[in-house]
Amino acid sequence: MMMELMPVWLQAGAGNPLREFLLENILTGLSEAWRPLVADLLTWSLTCALIMGIVQVTMLYCTLLERKFVGRIQDRIGPNRVGYWGLLQPFADMVKMLTKEDITPAVAHRSVYNLGAILVVPPAIMVFAILPLSLGLVASDLSVGFLYFISVASVVIVPIFMAGWGSRNKFALIGAMRAVAQTVSYEIPQVLSVVGVLLLAGSLSTGDIILAQGTVGSGAQASQGFPGGWFILTQPIAFVIYLMATTAEVERTPFDIPEAESEIIAGYHTEYAGIKFGLFQLSQYFMTIASAALGSVLFLGGWMSPFPGGLLQTLGPLNLGFFWMGAKTLLLILGFMWLRGTWPRLRSDQLMGFAWKVLVPLSLANLLITALLGWLLHGWWNASGAQGLGRSAVVVVAFLAANGLLLFGAMLGFGRLRAKGGRPDIRFEATGVGSSVEGAA
Amino acid sequence: MVDNWGFIAVLTLVAFTVPLIGLALSWLLRPHRPGPIKQTTYECGLETIGDSWVQFKVQYYLYALIFVLFDVETVFLYPWAVAFLGLPLFALVEMVIFLGILAIGLIYAWRKGALEWV
Amino acid sequence: MAMIPLWWYLMVAAGLFTIGLYGALVRKNAVSVLMGIELMLNAVNVNAVAFWRYVSPTAKAAAGADRPVGDFVVGMDGQVFAVVVIALAAAEAAVGLAMVIALYRSRRSFNLPQMDQLQG
Amino acid sequence: MSQQTVVQLVFGVMAALSLGGAMGVVMARTVFVSALWLILSFVGVAGLYITLGAGFLAVIQVLVYVGAISVLILFAIMLTEDVMGDEHPNNGQVGLAIILLTPLIFLLGKWGFTANWPVKAAAILPRSGLSVDAATAAALPGALKTGDAFLVPDSVAYLGRVLMTEHFLAFEVVSVVLLVALVGAIVIARD
């Protein structure tokens, strides 16, 4: 029903009004064989331009926001000289990066060194293809959407490795090794934590995942999603694991060991200056934004309004989906910045141990519980014919209780493990990360 | 389906032009005065000792190893998860066995100290 | 009438396989030999998926709750085959590279011609 | 017509990537650069999967080969000191290999090109959910009638169901293989 309100402007192929308009009014002179194709290509190019515009502007102002926000946390003002409230600061930074001299170390493997800087950006842009801006405003609603995101994002480690190796600098290579080891370690909890969500949504497509979160109180069948509302309600532990793993994936503080400036200068981009250094920053910010957007799609209902009954979902003829999507994404980005402003960096061994010994077992257990509970609840409402709000309430309460039990068991288990003293170098309490798991309850 | 991937093909091309535009702009604007001191390897002002392509310890490989096997596991996990709610309980049992076998691997790696960062 | 004839894929797969085999045969370096084997596995997969798409799918009556009787779906055998091959390639790479590392540790060399302990 | 040209162009690019990458693997002097070419080849093969309508496999190809196996290879290279390789990366078998492989590529090419593969009409359908037209119905053996919905499932859920029912043995065997590989590789790599 809402689909009719919002034409599929970004959707590729037939049905896109922009494409229809081009076909009927602009491309009339072309031969029949080429007309649809040219219309497609034009629509896609315009869509790309739109996405790039939105992402670039968001990225530029994220840098400013981050400096302001972290500044406030640390009792500073942050940039305030260039433009009112520092609003032109990002552009000043950009000009500085562009005009700085580019220095290539004499011993570097030139082609690998340069290609590393170039190739680090495209994957960070390509992941935006599957992120919806609003209802019907998703450029490419792939049936393998989430997996596409994860796999394209995982490609970034290759240019990082190229940068580290091509620089022929010890610190750069150590940074690259650390970056890759950390990224791959945290990729596993990241993908495992989301499996529960996908199981409940019954699809990998981002559009379907969001729609599956809008079935609170409805009589929707399981094939259209699990009637538990936003997945943060049914999968709170998975949400926290996802956030932590994502922070590590994009190598932000407290997981920024790959570029720990007090230990290894700047990690894999030590030798890069000027615009090439800027490209690494660009890629990192893009990935941060994309991961936050994906988090809001997976757990926070994407473009859905947070109010019951779809209140404020539309304002007159306007669908406010893009506003809610943006707000939720911004919320998660602010969360990342908050982490950066307040947490100390972890140690390498703590970092790796935390991924493999805490997050992976926890997400595996969460997955099993989700599958079992999902199957039981599914059978229950099929048998009893339960519907509506009552069913949603039962689902949410059951999942919250299961998550609470899981958390309790996990704390007990990890506590006992530590008490046995078998592994003296894992001190969860020293990292403070254990307490954030606790905070998820 | 075809349309969706078509868009991604276009986006890929656009994504590759972005860094190239940046590099081209910078190439037009920036100064270029290389010197032997400037082009030395950055090491906090010290001379680099030995080759920079150093040998790493096996720990890195062990992490990558466990990662690869769990990555492959997720390949099988995703189709299962998506199909799960339409399947009989047998599917859950199968997956529990699958995960159980891999969990044995994780426990083994843990016990053998392959997860320790030394 | 298909957009791309089947034999195009077969040619690419044949090329990949041959290049991979060449790499596996002529390289001194053990890691390079493994890379050649990975290329060959990729060639096999390309073939499997191409045949899945063009030849193997005897349409069979759809089974399962969400498909009405009378619809036909293409079997997924080729895709399952490819997924399993990918899994095996990962296992092969893991063990193979572990052996390379172990050999390197004992012989301080990467090169296969020097791995001649078994020669009498 | 025009769409066919573009699809064929995309195929050409992907084939060039995979074959060119493969050539790079066997030609590069440095092992590290060789591995980078290998990654390019993997990406090309993923593109070929997309042109074949196997989106899931394409994504998996990138995830496992580019994101995981290549990391394994790069780490293995980093664990050994002579990352620069040496001046003569090939052994003495180049001539022999070429003599052996020339007939192989010739035969593979001949079989691929001339064999009368029973190509099914399903291959013609560009996307899922299309109705069967008269020509397709005539081309397909079996009980397909004009107008039947014919699905080339791109759906991951369908693959999941097949894995859990028809192919569950392969599914479980894979887990055992992965376990054995994990244990074996740990034992071998750590002395």
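The letters A, B, C and D name the chains in turn, as written, and every chain counts its residues from 1.
One rule holds for everything that comes next: contacts are C-beta pairs under 8 Å (C-beta built on N, C-alpha and C of every residue); 3 or more make two chains touch, one makes a residue touch a chain.
No experiment lies behind these values; they were computed from the predicted model shown.
A simple rule picks the central chain: find each chain's mean C-alpha point, then take the one closest to the mean of all protein C-alpha atoms, which gives B.
Interface comparison, A-D versus A-B: the higher number of contacting C-beta pairs is recorded for A-B. Computed from the mean C-alpha positions, the centre of subunit A lies at a distance of 28 Å from the centre of subunit D. Centre-to-centre separation of subunit A and subunit B, using mean CA positions: 15 Å.
Subunit C and subunit D have CA centres that are 6 Å apart.
Centre-to-centre spacing of subunit B and subunit C amounts to 21 Å, using the average Cα coordinate of each chain. Among the residues of subunit C, those in touch with two or more other chains are 64, 66, 83, 86-87, 90-91, 93-94, 97-98, 101.
Annotation for subunit B: residues 1-2, 5, 53-54, 56, 58, 60-61, 64-69, 71-72, 74-76, 78, 81-84, 86 touch two or more other chains. In subunit D, the residues that touch at least two other chains are 3, 53, 55-56, 60, 63-64, 67-69, 71-72, 75-76, 78-80, 83, 126, 154, 156-159, 161, 163, 174, 178, 181-182, 185-186, 189.
Inter-chain contacts occur between A-B, A-D, B-C, B-D, C-D. Residue ranges on subunit D touching subunit B, taken from their complex, read 10, 50, 53, 55-56, 60, 63-64, 67-69, 71-72, 75-76, 78-81, 83-84, 126-128, 154, 156-161, 163-165, 168, 171-172, 174-176, 178-179, 181-183, 185-186, 189-190. Every residue of subunit C that touches subunit B in the complex is listed here, in rising order: 64-66, 83, 86-87, 90-91, 93-94, 97-98, 101. Residues 11-14, 40-41, 44-45, 47-49, 51-52, 97-107, 117-123, 125-126, 128-129, 139-143, 147, 165, 167-173, 177, 180-181, 184-185, 187-188, 191-192, 195-196, 198-200, 202-204, 222-223, 226, 265, 270-271, 274-276, 278-279, 282, 348-349, 351-353, 356-357, 360-361, 364, 367-368, 371-372, 374-375, 378, 423, 425 of subunit A are the ones that touch subunit B when the two sit in their complex. By the touch rule above, subunit C contacts subunit D in their complex via residues 1-4, 6-23, 25-29, 31-32, 34-36, 38-39, 42, 45-46, 49-55, 57-59, 62, 64, 67, 70-77, 79-80, 82-84, 86-95, 97-102, 104-105, 109-110, 112-113. For subunit B in complex with subunit D, the touching residues are 1-2, 5, 9, 53-58, 60-62, 64-69, 71-76, 78-84, 86-87, 90-91, 94, 97-98, 101-102, 104-105, 108-109, 112, 114.
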